[in-house]
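To keep things simple, chains are lettered A, B, C, D and E as they appear, and every chain counts its residues starting from 1.
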Amino acid sequence: MFPNDYAFHWSPLHVLFLGIFFTVLIVVGSHFAVALWRASRGLRQNRYDAIRWHADFEDFPPELRACRHALTGECADRKCPNAFDCRQCRLHPMFIAKGLLPAECMEEVGGMIFPADRYYHRGHAWARAEADGTVTVGLDELARRLVGDAPAQLPEPGTTIQVNGSAWQYQTGSGSVRILSPVDGEVLATGGASGEWMLKVRPSAGSLDTRHLLRGAEVKAWITRELERLQLALAPEPTGATLADGGVLVEDLPRANPSADWDRVYGEIFLEV
Amino acid sequence: MASQSTFDRHLIIRGLERCSTPRFLLWLLPWVLLLAFGLYGAGLCLVRGLNQTNMDNRFAFGLWIFLDLTVIALGAGAFFTGFLLYILKKKELKAVINSAVVIGLVCYSGAVAVLAVDVGQPLRAWFTFWHPNTHSMLAEVTFCITCYLTVLVIEYLPVILRNRKLRQIPSFLLFEHELHKLMYVFAGVGTFLSFFHQGSLGGLYGVLHGRPFAYRAGFALWPSTFFLFILSAAAVGPSFIALSTWVVSKISRKRLARPEVYDLLGKVSGRLLILYVLAKTVDTVIWINATSPDRGFPAAMFYSWKPFGTWLLFAEIALFGLLPALILLDGKRRRRMPWLISAAALASAGIALNRFVMTIQTLALPTLPFDRFLTYFPSWQETATFLAVVAFGVLVYSFSFRYAVLFPQEKELNVAQPSQPEPELVAVGD
Amino acid sequence: MSTTTAKNAKNARYGMVIDLDRCNGCGACMVACAVENNVPPAQAKATARTGITWMRVENVANGASFPEHRTAFIPIMCQQCGEETPCVSVCPQQAVEVDPKTGIVDQMPQRCLGCRYCMAACPYHARYFNWWDPEWPAGMEKALNPEVAPRMRGVVEKCNFCHGRYHAAKAKAAAAGRRDIDPADYQPACVEACPTRAIVFGDLDDRSSQAAQLAKSPDAFRLLPKLGTEPKIYYLTRRPWVREIASASSPAEVRRG
Amino acid sequence: MKHSGKISFFAGFAVMLAVGWAGFPRLLYRGTPQPLSFSHKVHTGEKAGMKCEDCHVLRASGSFGGVPALESCAGCHAAPMTGTAPEKRLIDNYVTPNREIPWLIYSRQPDNVYFSHANHIRLAKLACKQCHGDHGDTDTLRPYQEDRVSGYSKDIWGSSISRISFGRGRRDGMRMDDCVSCHREHKVSDSCLACHK
Amino acid sequence: MNFGRRTLLQFAGGSAAGALFTPIPWRLLWDSAVWTQNWSWIPKLPRGEVTEKFSTCTLCPAACPVKARCVGNQPVSLTGVAATAESNGALCPVGLAGHHLPYHPKRAVLPFRRRSVNGKVAVSPLSADEAAAAIAERLNALPAGQSTVILDERPGRVTSRIYQTLAAKLPRGEYVTSPQTEGGTLAKLESLTGTPAAMNMAGADLVVSFGTPLLDGWGTPGRVFAARDRFRLIQVEPLLSRTAAAADLWIPVYPGTEAALALGLLNLLTGAASGWTPEKVQSVSGVPAESVARIAAELKAAKAALVIADGDPGGGAFSPDEQSLFAALNLAVDSAVHPCGVPRVTRPIEALPDASIGVLLCDAASSGAGTPWRVIARKLAPAAMVVSLSPFLEGYGRHAELIVPAPAYLESLQEVPTAPDAPAAGFALAPPLIPARPGATEPAEFIARLAGEPVTLSVELKKHVEALHATGKGEVVRYAGGEVTPVKDFKTSDELWNALNQGACWRQGLPAGMYASKPSARLLQAAVQSAERRLAAGGQTDPARPLMLITTAWRATAGNAQVSPLLTKLYQESELREPGNSAAIHPDTSQKLNLKHGGQAILTTACGSCPVAIVVDAGVMPGVVSAVIGPTVDSIGAAPRNGGSTIGDICAPDGDAPWRVTSAQLRRA
């Protein structure tokens, strides 16, 4: 194997054969090592959340990856290529510029209130820019009903959170659910579990970047779509009640419908694979 | 639907419907038993020696080598799908690449495990690395199989690291992410290795110039079987991926890949298969008329021993080669599942038959003029060892299928359709 | 360099000529070979296909029935191929080689991993695998030949022209300060044991040796000549039917008519 | 805290290095004392005045006599000559009951190795100590060290566990590599069966 | 710092990585591989100086000189001695592995008694003294009409003479020999003419052999093969044996009708057997008339012809009636037989009345031939005591009540008398090479103890050598170097004794004269009449058993003789020789009986049936079953005992001519 071994011959075939072998070993080994090194670098650079979100996003079924503009009917069926980060999207500014969507404000969908003073993330967290430059982050009505009274695990003040990264978590009966952050920034304070807001964040960009967040009329289209998905997710486990158009969601869904596959429902609604 | 009895649901990717845990365990049970039984048989062979097999000085290779060659040929789906996806950028095959990688891993690791039992002194197997005889096709095989198995393990890592639980470990997920980015390198190296591996397995027999039934003239170091094995494995690999996907979808009662994926696999397989049939025919004609007679053996003689008649040659080339190739080349038929699957099954059987002919028939045919035709039938220990590999494969695949995403299209293809137009869902609130 | 020649004995190309007309199939060669090379008696379950007989005497018949039926014996051992040696090129780890000094195809059981590829490659079926651990009845291991190491199970072995005897001849020559051995000191066990003197052994390159002369006899032939393996075992017969069967290239199942 | 992972990793690494290089060689070999104490020095010294060839003979057949049989010892030590304790043991345990002394041969190769002293002494003109060291000058016999796994004498592998050596002369073992490198160097036969049987 | 699972894992990871930089994995890899090359269950080779020692093979009557390569006291291989005419370097496979016999798995180590209690066999060990006492007890109570018999399979030895003397001292003692095959023709010639006979095969130019395995274990192989290049061989035999295959002419003959051909030949040569025209011979024996005439012509033309009808070691001897005829043929031609040697003393066991033996003492020596037990059993009285003095449990040991082990081959000083094919009388010693195992008793010394006449074999042998020395005749051939010394040159008998003990043989000088050249008319007439009587008696076939069973065995592989386990090479690991209990039939016969090569069948004779393995062989006469009676698989060594009866057990002895042809039936098992 090595030239110092007696079974090694300096014949062209031998050199070629072992040359190829060692080349393969080096290529495989070095790339494996590169992957290891890059992974450890990523770990140091705290890239887990972003990569996790990208990995999850990749694994979403296509209908989950629908573009917000497709939800509102602004464009035909379109899948988001940017992991719901409209800040990187080339098309999003064009849609905004066209301003096709009426700035209609509808606060109540399916018996739930979605105040217009805030921006909604696709993972059901909302963000509201406060006058002092901070951003208040909370959970929307639909999500709250899904989570019920599950205890929340909030990050320590001082923690940095990233858009689409994990902001806080709930411990539910079927496991933990993480809520995606709608904002980049540092957590300043945390609200109570039952409180109206969850986090106070100082946005790292100075102010709240809202490009990737839903607002106005988009919210209705989105929530309607979410309710449809919720229906589908809960469908195989029939419950006693029916959600007719205009019906309202019960306050604490898990308690009202304990036999449902909540793990799956949370995954569908909170964008987690 | 995940029911209350699915205790391992936190390990299963959300959105993938898997049977309940007891049912899964029930499915595993026979395979685990088979594995245990097979390991017992293999253990006997290791502890007491190869006298536990029915191999003998004439049938120095038996069931194990035949099956090694076959599973490795079928496992070629892994390298060839990887090649098509990562090198030729056939994006559709992303739908089956993970499954292909698992199949490849199972086939190769099973083959290596069986080889470790098959050799008389497994503790010395590393001598091949230390003192390689570079003229030997078997040295080439050994190097390729170990390197490729390493590559397959690396390729398998991302599949398994994306398991729902494992991906929550930051270092695993990051490593998976980085590995995945470099996957084209591993796929490329794997393709190279696997090409050589398939070829050297073919060369294994083609170089036996003392065995005119197997001997073939060729190019440089490599006899024609070197290239025929590559071609046949490449041709049948996609067929087997289609076949296995279909089988898994039947067993799991799920749609796993879009028809276009099947169609593409069939098309690739058909085109390569017809090429292979042509090459094999030319090779056979040359062998019958030149290679074999030159070494003193009229080729007709090889078929004079029952039951190995010329029907084998016909079956191998026409029935299991040409026929599936024609089916797969006909777009209309190919797009109909029964046709596609039948053709894929025929092609897979064909490659098994080819490997059988190259191993068992080669050894059964006498060379010395006063020699006899011999037969061989594997012992239960041999069969059990092989079955252990099958069980091992099924187990690895089952676990992978349950806890990892082997078919990325599965989720969207199996979105639960509402059973009623207006499902009862939520209480009419108050 | 002159030192090279001084340090090395002259190369030989050892071979055998076996007179099939003399062989009466007594089997002395097989037994002497087993004794010399420490081949153990068969395991209870061993058969003609799993036993170890470096030297194997085949029984062939002319195909006619009684009373025209005739038989002949063909001793087969490693044919010590000279060219395109089928086993050497296939061994993955250099456990087989042709010794340029003697022309003998060496098989190294200690290097062998037991893949049996060489057995598949050998057209003469002259290689044997140790399917069992070697076992001698209690006490009989005391009677082992000290010049030959017993083989372990799981490896391949074959005739090496009684290499232990070659060693002994070398040592004897060396003790006398000679590098070249005395041909009389080196005769394989089968040659020595053959009661009918059917086997002649010697250096085929040494024109004065009887073996070299007999190998050139018009009655001499080799097995499967068209394979191009250039065996160093020659056979002699004056019986046309024996020659026809034995020197044929293609099998014609003739045993027992 | 942050580096505890690294610390435990390197601790493991270091511990293993120590175990592997210091503990393992001790663990690998089993030492056995020779049955008797024997001084080559005394025998070859002025008093006894024996030569190596008096005991270690090369026979006419070319085979090497190796360690002499009991009768060589009994030739002089049939009755006590010096009255030392080892001599008493020799006479009581071996000479009187006529039992061969079970010497443990440091340089003994396994059964599958053929080594002709005749070739190496007569033709290659090697000095004994080239392989056996200055054995003739020793006053005591060191314990025999046997590899617990392979059963080989430690002398075969060589005293250094690593066997990493770059110069030719630095090989102190009697492994196949050592034989082959010398054979290659002197352009004598390096075929397998030249040294195996 | 928190020592959790994580820390431990990291530590383990570090250790694993660190291990790669230590010798541990690499050395263990190397060591384990090296261990497989020397693992403890591979026997260690003997070490020590290799020396050459000489002895003489005593395994069969051939008397081959043997050169043993020894390590210390242990022979590691045996070869023939090329320098002597006696072996010409040749040794048969049985002799080549003879040094294994002391370690034979069927070796009897200590005396023991075997008794059948309620159908179960109980074995109890005892000392040689106790064994002797048990026999003495039986001898004292020997019923009237029962005799004490010493069975000697190798007559012509000093030991044989001791036995004859001792027999006279035992109560109604008899000395008998087993049916002889080798040397049968010459023994008959001696008894007919009263002159000792020997054959000068080296001078023969034609040998006509009736069923004698001349080239396959007959006589001294080295001598036969040395002579073979000079004589023409005509083999008369019902099947294509190895000798027939290698003969110049093979004359197939119906089994049991060899005498008809001999009568035809005698008729053509002397006119004595008038009526036996070639045509009649053809009708009786199936030998074409022209072949009969041709052989007769060849015999007439030969300058030194030999007719040998010694029978097959497994097939039994020709009857004395037939032998007279073959002996007479030798007288009717220019024969290579000459007057020489010592008269053969045989007292065939057939001479004893049936059911008359009360105590049978079987000597250890083997004739090399297999005698069916039934031949002996019918002479045994009910509840007779059989004592086996063999070193092995097999052979007569299978039927013995008492087993008193003798030293095995090479373990004790033995003697070797004249070989059956020797041109003149000879004598050799077989000095021991291996120390005898404790517990082994020299048979002659054991029997002497019974007779109350202490005998030491070596002393008797020395006396014999002294007598040889005293005659001053003959010469001594030293095995080392082949040097020949006239006996006269040995000053003292001790010198001769020492020479013989170092590996040498004594041989008588060859005589100049011819044997009695013309047979008397009376002798011829008697021979013809007895042969005709015999032919008329034979030949009846039983419709229930339509096949003719002839048995064969290779010398020293059947009966009392044991072979090295290494003979599996010939019998089990190759198809060179068929092992015991295999039955060869012609393809036509196999087709008729629906039997396949390798298949199992049941062979039935009037004496019982036995399972056989079928061998389809076109060299066997249709309608004939050629069965092999030894070695049985279990006597080779490794295989478990097959338990059932052997073909040797079901051969029907027939009056004074044992078991040459038996009618039999074969059916699928």
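Quick notes on this one:
The rule we apply is simple: a contact is a pair of C-beta atoms (placed from the backbone, for glycine too) under 8 Å apart; a residue touches a chain by one contact, two chains touch by 3 or more.
Note that the structure is a prediction, hence the values are computed from the model and not measured.
Under the touch definition stated at the top, chain D and chain E share these contacting partners: C. Identification of common neighbours of chain A and chain D yields an empty set. Set against the Cα centre of chain B, the chain with the most distant centre is E. Comparing per-chain C-alpha centres with the mean over every protein C-alpha atom, the closest match is chain C. Here B-E and C-D are compared, and the pair linked by more C-beta contacts is C-D. The greatest centre-to-centre gap from chain A, using C-alpha centroids, is found for E.
The distance from the centre of chain A to the centre of chain C, with each centre set as the mean of the Cα atoms, comes to 76 Å.
Work out the mean CA point of chain A and of chain B, and you get 39 Å between them. Here the CA centre of chain B is 52 Å from the CA centre of chain D. Annotation: 30 Å between the Cα-based centres of chain C and chain E.
Within chain E, the positions touching two or more other chains are listed as 32, 35-37, 42, 44-45, 47, 50.
Annotation for chain A: residues 5, 7 touch two or more other chains. In chain C, the positions touching at least two other chains are 43, 47, 50-51, 94-95, 110-111, 133, 149-150, 152, 154, 168. The chain pairs satisfying the stated touch condition come to A-B, A-D, B-C, B-E, C-D, C-E, D-E.
Of all residues in chain C, only 3-4, 7-8, 95, 97, 99-101, 104, 106, 108-111, 147-150, 160, 163-164, 166-168, 170-177, 179 touch chain D in the complex they form. Across the complex, chain B is touched by residues 29, 32-33, 35-36 of chain E. Those residues of chain C whose C-beta lies close enough to touch chain E in the complex are 24-28, 30-32, 34-36, 38-39, 41-44, 46-48, 50-53, 56-57, 59, 61, 64-67, 69-73, 110, 133-134, 136-146, 149-152, 154, 168, 189, 192-197, 256-257. For chain E in complex with chain C, the touching residues are 36-37, 39, 41-48, 50, 69, 71, 74-80, 88-93, 96-97, 99-100, 102-105, 215-217, 221-222, 225, 228, 240, 242-243, 245-246, 250, 252, 564-570, 572-577, 586-588, 597, 615-622, 636-640. Those residues of chain E whose C-beta lies close enough to touch chain D in the complex are 1-2, 6-8, 10-19, 21-24, 27-28, 30-32, 34-35, 37-38, 40, 42, 44-45, 47, 49-50.
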